[in-house]
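Remarks on the structure that follows.
A, B and C are the chain letters, set down in written order, and residue numbers restart from 1 in every chain.
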Amino acid sequence: MKDNDNEAKIILQDVCKSFGDFQALNNINLQVNKGEKIVVCGPSGSGKSTMIRCINRLEEHDSGKIIISGRELTNEVKDIDAVRSEVGMVFQNFNLFPHLTVINNLMLALKLVRKMNKSKAREVAMGFLERVQIPEQADKYPIQLSGGQQQRVAIARALCMNPEVMLFDEPTSALDPEMISEVLDVMIDLANEGLTMICVTHEMGFARSVADSIVFMDSGEIVEMKPPDEFFNNPESKRTKAFLSQILSH
Amino acid sequence: MAELSGWLDDYFWGAMVVLKVFGVSLTMAVIFGLMGASAKLSKNRIANKIANAYTITFRGTPEILVLLLFYYGSAIALTKIVQIFFPQMPFVDIPPFWAGSLSIGLIVGSYATETFRGAFMGVDPGIVEASRALGISNLHTFFYVRIPQMWRLALPAFGNHMLSIMKDTALISIIGLEEILFVAEMATAVTLKPFTMYMIVALIYLSITTVITMVVMLLEKHANRHLEVAK
Amino acid sequence: MNLQIYLILESIPKMLTGLGVTLQLLFLSAVLGLSLGIFLLLMRISGRWYLSLPAFIYIYFFRGTPILVQIFVIYHGFPQFEFIRDSVFWPILREPFGCATLALTLNTGAYVSEILRGGYLGVQRELHEAGMALGLSKLHRFVYVTTPIAVRIAIPAYSNDFISLLKATSLASTITLLDMTGASRTIVAETFAPYEIFISAAIIYMVMTFFIQRGFGRFEKYMSRYVKP
């Protein structure tokens, strides 16, 4: 960690994105520095997922700038795959490759993108499976695992690439309630190790204990961005208050 | 294209024969398909066995063999029967139109059996129960609740069966029906332009199958109209 | 009707020769048709209209017309053109076997490409995204993620198409080829015993259909080992 702590890993400047007539992102400005943990929340359809999908260029933004570790994402970026391999992504529905065993899910990109040989890839992959505490499931197929286990495999798969930033797109939304904590525990560990993270989630307990800042989005805009204490105790905007009262009342 | 003008009439009437075969075979295929499906769904084990034998036989045998067997086979059988009464009769011919339409009807009926069976089982039993719970009779439930749902489920596959029937009609020329392939053969003998003449046949078939495809698409849209609102 | 067993026994050698021709037609056109189908699929999903449109028209034509008509256009129709008679392909196109193989290949290729496209489209978009997010290149995603899943989805339909192809080989008999159906027809013409001969032939086709179905069933089971827990 000899780099400057304030080194910007992700910069979004005036990012706009629309689907047809629908304005999904409207002048988004956000900077995430090395080691920072950002939690993004907001009502459904507010553009949270679109924003982090743009960071990985799973969606292409219409205007504005997105800069990842100093590299701007544009149509001219020939090696978008190289940028993507530095940005890990965890999806709501896990999206494990169903035809590959757990260990092969982890090894695929290590072999193809990182050009590791088989034994080296296996060693690295096993290391990450141990880190998410399911090394014993290595040779099973994804469908044989519970939802919580699948999501932990998905996290390990993204971590294998040794990414500079991890993006989480509602990682616990598709899980049964009793499996949420095993996934959150892994994420908290990662946060404590100093990984740069952007996490879209409604788990406010997680946000409170882990986040450096909480971003609240509505209608494609960032309404406010504050450290957790201030966010929960002193929300400025009416929309934030309305949202908080809704999700905290349950 | 000058050599073509004399043959347009013949192609037209040939196409009419094709459409007639199509109509008759389609009707037969629906009948055999419904019979096969009811037999497969019935609790009677003999009916099950017969229906299974029917589908395995006709799905595993080349269409042309079925056609030849029906055409020559029934001619022989009929000749033998007729000769009992008129021993001097040398041979009784079966009209290729009927032998052909029946064969195609039986073949495609074996595929339709599976389609109808699947559609019947695909109807949510809860809907049928709901209808019975409202006091609607079994018969009315069948016609007003089950059939409309089945229809929707069966349509895509049934559209493919219609296309199969259409394309199978070409086979009947083999047993001597005077339809468009026959016209092409005649025309070739005179004009010595076989490619042109057979290509016309292909294009006639292509236009008919296009129309069938479009009709099926419209029907599907109609049958699925209640699903579109949800989006 | 008295089935004449000796007739069936006598015709076995001829039928076996015919069976050989049938199998040659089947495997040759299946292999060539599969290659053509993959080629057409790549054209259709290329995202470039000048590739996908010709592939679409080709598939539309071959799926919309009877295979028998296609065989006739090639066998009877091609010799109309001098450039075909002068071409290097003439030795193949002059023979009924070449014509039948060509027609069956062109026909099954159109169907196979649609079957493969169905499998390709059946692969969830999310899995492409997961591959993208890991930085896998387009080629790697196609080879390691899409293809294995698409193949599994396509097997049942491909198995049906393979059986259709087997049945379609019998149409080669209409252009004088002595495949199993052709052999049966000549025997019937000599002996006039359609029941015995045609039914025997039909049984052989059914047995082949049975084994084809079983073979593909096993393959599908193997490819689906990860689908059920």
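Throughout what follows, a contact is a pair of C-beta atoms (placed from the backbone, for glycine too) under 8 Å apart; a residue touches a chain by one contact, two chains touch by 3 or more.
Just so it is clear, the model here is predicted, and its values are computed rather than measured.
Nearest to the common centre of all protein CA atoms is the CA centroid of chain C. Using mean Cα coordinates as chain centres, the one most removed from subunit A is B. Work out the mean CA point of subunit A and of subunit B, and you get 56 Å between them.
Separating the centre of subunit B from that of subunit C, both taken as means of CA atoms, is a distance of 22 Å.
Computed from the mean C-alpha positions, the centre of subunit A lies at a distance of 47 Å from the centre of subunit C. Residues of subunit C that touch subunit A in their complex: 124, 126-127, 129-137, 140, 144-145, 148-149, 152, 225-229. Contact residues of subunit B toward subunit C in the complex are 56-57, 59-66, 68-69, 72-73, 76-77, 80, 163, 166-171, 173-174, 181, 184, 188, 192-199, 201-202, 205-206, 209-210, 213. Those residues of subunit A lying in contact with subunit C across their complex are 56-58, 81-89, 91, 93, 95-101, 108-109, 112-113, 141-144, 157-158, 161. Per the touch definition, subunit C reaches subunit B in the complex via residues 1, 60-61, 64-70, 72-73, 76-81, 163, 166-171, 173-174, 181, 184-185, 188, 192, 194-195, 198-199, 201-202, 205-206, 209-210.
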